[in-house]
Amino acid sequence: MSDILNLINAGSIKEKIKNGKREDNRGFEDFRDLEIKTSVLSSADGSAWVKLGKTEIVAGIKFAVGTPYPDSPDEGSMSLNLELTGISSPDFSTGPPQIDALEYGRVADRAIRSAEAIDFKKLSIVAGEKVFIIFVDCIAINADGNLIDATEIAALAALKNAKIPKLDEKNNIISKEYSDKKLELLNIPLSFTFEKIEGKIIVDPTESEEYASDARFSLGLVKDTVVSCQKSKNGVFTEEEIFTMVDISVNKYNEILKKIEALE
Amino acid sequence: MSDILNLINAGSIKEKIKNGKREDNRGFEDFRDLEIKTSVLSSADGSAWVKLGKTEIVAGIKFAVGTPYPDSPDEGSMSLNLELTGISSPDFSTGPPQIDALEYGRVADRAIRSAEAIDFKKLSIVAGEKVFIIFVDCIAINADGNLIDATEIAALAALKNAKIPKLDEKNNIISKEYSDKKLELLNIPLSFTFEKIEGKIIVDPTESEEYASDARFSLGLVKDTVVSCQKSKNGVFTEEEIFTMVDISVNKYNEILKKIEALE
Amino acid sequence: MSDILNLINAGSIKEKIKNGKREDNRGFEDFRDLEIKTSVLSSADGSAWVKLGKTEIVAGIKFAVGTPYPDSPDEGSMSLNLELTGISSPDFSTGPPQIDALEYGRVADRAIRSAEAIDFKKLSIVAGEKVFIIFVDCIAINADGNLIDATEIAALAALKNAKIPKLDEKNNIISKEYSDKKLELLNIPLSFTFEKIEGKIIVDPTESEEYASDARFSLGLVKDTVVSCQKSKNGVFTEEEIFTMVDISVNKYNEILKKIEALE
Amino acid sequence: MSTRLDGRKKDDLRPIKIELGVVKSAAGSCYLEWGKNTVVATVHGPRPMFPKHLSNSQRAVVDYRYRMAPFSVSDRKSPVPGKRDKEISLVSGFALESVIMTEKFPNTVINVNTLILSADAGTRVAALTAASLACADAGLPMKGLVSAVAIGRANGDLIYDLTKDEEDAPDAVDTAIAITMPQKEIALLQMDGFVNKDDWKKMVSMGFSAAEKVYALQKNALLEKYPVNGDINE
Amino acid sequence: MSTRLDGRKKDDLRPIKIELGVVKSAAGSCYLEWGKNTVVATVHGPRPMFPKHLSNSQRAVVDYRYRMAPFSVSDRKSPVPGKRDKEISLVSGFALESVIMTEKFPNTVINVNTLILSADAGTRVAALTAASLACADAGLPMKGLVSAVAIGRANGDLIYDLTKDEEDAPDAVDTAIAITMPQKEIALLQMDGFVNKDDWKKMVSMGFSAAEKVYALQKNALLEKYPVNGDINE
Amino acid sequence: MSTRLDGRKKDDLRPIKIELGVVKSAAGSCYLEWGKNTVVATVHGPRPMFPKHLSNSQRAVVDYRYRMAPFSVSDRKSPVPGKRDKEISLVSGFALESVIMTEKFPNTVINVNTLILSADAGTRVAALTAASLACADAGLPMKGLVSAVAIGRANGDLIYDLTKDEEDAPDAVDTAIAITMPQKEIALLQMDGFVNKDDWKKMVSMGFSAAEKVYALQKNALLEKYPVNGDINE
């Protein structure tokens, strides 16, 4: 939907929210339908295709061999990247640097890092010399709001799906051959993103709802442990609103987690 | 000539072509005068200055020492680059990325590669560690059409002119000293570029003719062997037209080849 | 001050200069007040904050360990960089490449290099393998003219203030620990920048004066030895004017030098 | 007649699966699996083109992007488009312009984006075939479809639709060809290899018959989604 | 009650020194030392925004830049802004927009530049605190100030205003929080760590009280420079 | 008097060969060989300048580009312009602006492009000398020519026009100087080295006499191509 239509639409969204309703008749604390498919791509070392309502994110994992950072010589590393391409919107194919994609990707990345989801020591190949680097590339196929939570889910599902490549005697990756070990996830951080519209807090916003709102809050959780958070946009929250959003998130955590745990 | 003048000019070009004539009275299958000079630059390891009508391309060769690609540890490599600079047109010095230069350079590069003109194994210095990389830099001094064929000729003439540098005991290049070996070319691929104007096929187009046409075809040949091809622009060709262009090219091959073979 | 105001202002500046006066009543050969503070930043290996009238430059030194250039295997190196950021003017935060900052930084850099102020051989750690690289980063906090001379002074004061870091057994820098050796400066090159307004030569121009002038000359000196020079802008100088500027600079050298020598 | 590694005959295509309208926010879209290739193509526009000096007062410009996802190939590919990506984008966009009635939308741009999610040889023709369908799905006025396919040589045989393994044969030749349908003219033709003139002509001719097979699948997919319209291209 | 490495109590801030109007050419500016952090912030504008399509017809846009000098950290930082710099710039700009009456200046941009000259943890909150003062110094119409501070955990304790050494503790948690004053609403909240829900809530609450301390210092600095105006924010 | 490696005397220039009008599509052009330096310079314009905010309502702007071909030096040079290239472009453009009657073409740009095809010391002055001729060849209204030359010191001698070998002397000093002719004013002056004030002044003076020699060759080249005009600069 174009920016202008979204602006016109924002008025009716606000009106509905005031009356306790969302455009798709969800409750304020309801997520849209979530569908997760894994092993969808033969070329990736792990992959997931996530549909959250009409929002769709594909995540693919690639292992590479590199040198460790000097200050953690026996640890591998991870790099998460979200791309908003022309596939989902023509505005993304040109124009200004993608500050939105950068922010969403950073928030998703930081949650995984803070949650210590990956044991980076297990990615060491030769201490101080060679380690695995995990690239988690996420691409928006359709962008209809709440890209942060969808990206987080896609990244984790793809990581959970990832197989560790076999190495030859020189410690180079052998293409399309995998060791028996799967990548182990120590924790499953999930993201919960809220928007504040007309003083009401809603979860899992659509793109239209995002346009109608001027305050966003995203929380990264492992069960009842907070691992990251990000307040965004030029609106503000009260202390009480922040606390409410944490409580809602903790309550929702298991609902989403089950979908990820159900994956092969 | 400016874009606007070219557009106005296009009408008269088309009219002439319809009547079997070209703006410079050449036959449809005739090349413009071709002049090739080599050893024109004292700083390059090989050089050529090609004039094809008013189109002028300078090509210079530089050898460098680098590491081989992991999947071909005992082979050197080549990198061909065409630059359209402000020298030939002020439009090139600023503005959008040079998609034309990129395409022309790619077409010229692929013909050399597919023709296996260079024995990359002979560019190995220490297997798996050090190889020669050949840089073929082509710069348009004057751009009056058919830059692809002119670039191909300039690149090959410069390669044929190239001397292999001497190496010191650490396998670094000694400046301005050359071994006795010249770079050997196993095959001489040539490029033949056609434009289709008013249903007629012409060879070696001028810049004005390029503006009047909406379909281009370039063929890379070694004698009667096809090594590369590229159809460009938004017009189309019939199967028969394609076949005709191959036959013309095969017939023309020796005419151009002789000029290159005559070079020292 | 905005460009437009500067242009309007230029007329009155010129009128005054014709009558032998500057906007701040300085003599043509007078510098503005110069204040130099060093050790102003706890994070840098050396630092200086220079105020020349309202112009303010902060310079910070960072040592890094790198590999030497192949043609000087036993020498370290230096890289001087001047940044004009949004801090001093909103025009610097966006827009075209900073050609002014590049020129000013190059002029300051070349003077230090030509003066052989630093003994690069003393920056060798393991000959042919590891050397110190000195980064001299200068940032304009307020830009009110004569950034070249202010940058030169800030860079030298910061270099004079620099402590050489300690290395661990693998020759990596130990953070925030320093060897007993200070960086030694063999020569103190200073820069003297002149503008020509209405045929008169003035030293240490303000930003307004720079707008009113169309010829600039900068000279790098060590006592009475010339180490670099740069004529800039589209005006011209006579031979005699050039000679006069050298003589003025040689006379001024000690005045500025004393301020640097007084620093700890 | 010898069969190929994956059991195909020389003139067999790999299985092709087409799904239209998969991307909700786009004017038209197509998801396409072609053997182990996976491609998504979307179309947005026509819409006014900025900056204006890049627009064309006579017609719409097709801004075609061929993009490989970082995880689509063996070694992770950088997200920054390389020379090959840009060249393929250029000639693929030209191919589409030859069938879209661009003269109906002067001063506009039609954004065609293709994304290779998984690659196993023949990605450019898979992307172009999908893009052509996405344009039709978007309801753009078209003179026909573009049906693209790769023809090549491997181990001495001239064959349809090479896999990556076949492309790695020592004598491999690869020709990407796109045919306008039903007009049967060549809209794209790119080739790398070393093949005599007569075999090369044979490959071009094979391209026409292989493209017919692709076209049949494209028509089916469109008819399935738009049954009331009948066959839009004949 | 245990004291910290630098002798502070849990709810002590490091010494903060504020100087307004330091940069002569800017509309407003602030030099701020916060422990071993050194920051300069300047404000230019509002002025017409180019290119126009990035401007907002309803209000001014705050273009906030968070920049670290190359020499501000242990290993020299490249002058090219990284992902972290851009993210901090984005959310800090949002925080300022929540207190500036941007609706008074449609179609304009307000340039807020912050430069970290020396860094020792808490640089983003130091920069935002300084930027808020620079905006006030520039005389921009504001609904209030933004008072920013870091709250965290180190070695088992929940504490105010961590140093770099404290941030390196194995159990360290770091929360950057910015409060609008005197409204007391959350304008920025960023956190990385691993902390149970209840402790995290405690940290947020601590943020409010710590921000009061910052606010008091901000008010003092403004009153010192602008005594005739009285307390502009109460 | 000692002679130099290449047999020249101290005040000899290397052989200079000038050819005008070599690039057909340019308004003016010059091919110049100066010892082992090879340079091409072209002039396009004046033409309206975009983006407009970079133009000058009082005069034309000279956009001068100094570029070294990748194969012009010992180790292949990256085609991306470096700091040195940009600095030389800037001051060389200024030098040309001092002789072109730019006030006749407000709001326009004159594109001057120079390309070093082969380099052996003194490339910036060779390029500027060629560019000045290309401007004259383009028929631009000019107050004079710019005649550029390098003066330096090698092995104890102050000499004209150093080669690369001479520039590598341990005591080498290199001064690039451009003189407006016939006005005899300094339009460009750049120097790196370590030389006492008096010797440096001598070098500047030598620059004037060396530039006369360059000017004589420039005049000859112009008179040869444009004999009817007489000597355009006197």
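Order of writing sets the labels: A, B, C, D, E and F. Residues in every chain begin at 1.
One rule holds in what follows: a residue touches a chain if its C-beta (ideal position, glycine included) is under 8 Å from a C-beta of that chain, and two chains touch if they have at least 3 such contacts.
This one's a predicted model, so the numbers in the text were calculated from it and none came from an experiment.
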Minimal step count in the chain contact network, chain E to chain F: 2
Partner chains shared by chain C and chain F (touch criterion as defined above): none
Of all other chains, the one whose Cα centre sits farthest from chain A: F
Most remote chain, CA-based centroid, reference being chain B: E
Whole-Å gap separating chain B and chain E, where each centre is the average of the chain's CA atoms: 58
Mean-CA-position distance for chain B and chain A (Å): 47
Separation of chain A from chain E, taking each centre as the mean of its C-alpha atoms, in whole Å: 27
Distance from chain F to chain B - Cα centre to Cα centre, in angstrom: 31
Where chain D touches two or more other chains at once, by residue number: none
Multi-partner residues of chain A (each touching 2 or more other chains): none
Graph class of chain-chain contacts, one of line, ring, star, complete, other: ring
Starting from chain A, with chain E taken as the next chain, the full ring order: A, E, C, F, B, D
Contact footprint of chain B on chain F as seen in their complex: 22-26, 36, 38, 40, 42, 44-45, 47, 63, 65, 67, 69-76, 79, 111, 113, 115, 117-120
Chain B - residues contacting chain F, complex: 1, 40-45, 47, 54, 56, 58, 60-62, 64, 81, 83, 85-90, 93, 135, 137, 139, 141-144, 175-176
In the complex, chain D residues that touch chain B: 54, 83-84, 86-87, 90-91, 94-95, 97-98, 175, 180, 183-197, 200-201, 204-205, 208
Complex contacts: residues of chain A adjacent to chain E: 96-97, 99, 102-103, 105-106, 110, 113-116, 217, 222, 224-239, 242-243, 246-247, 250
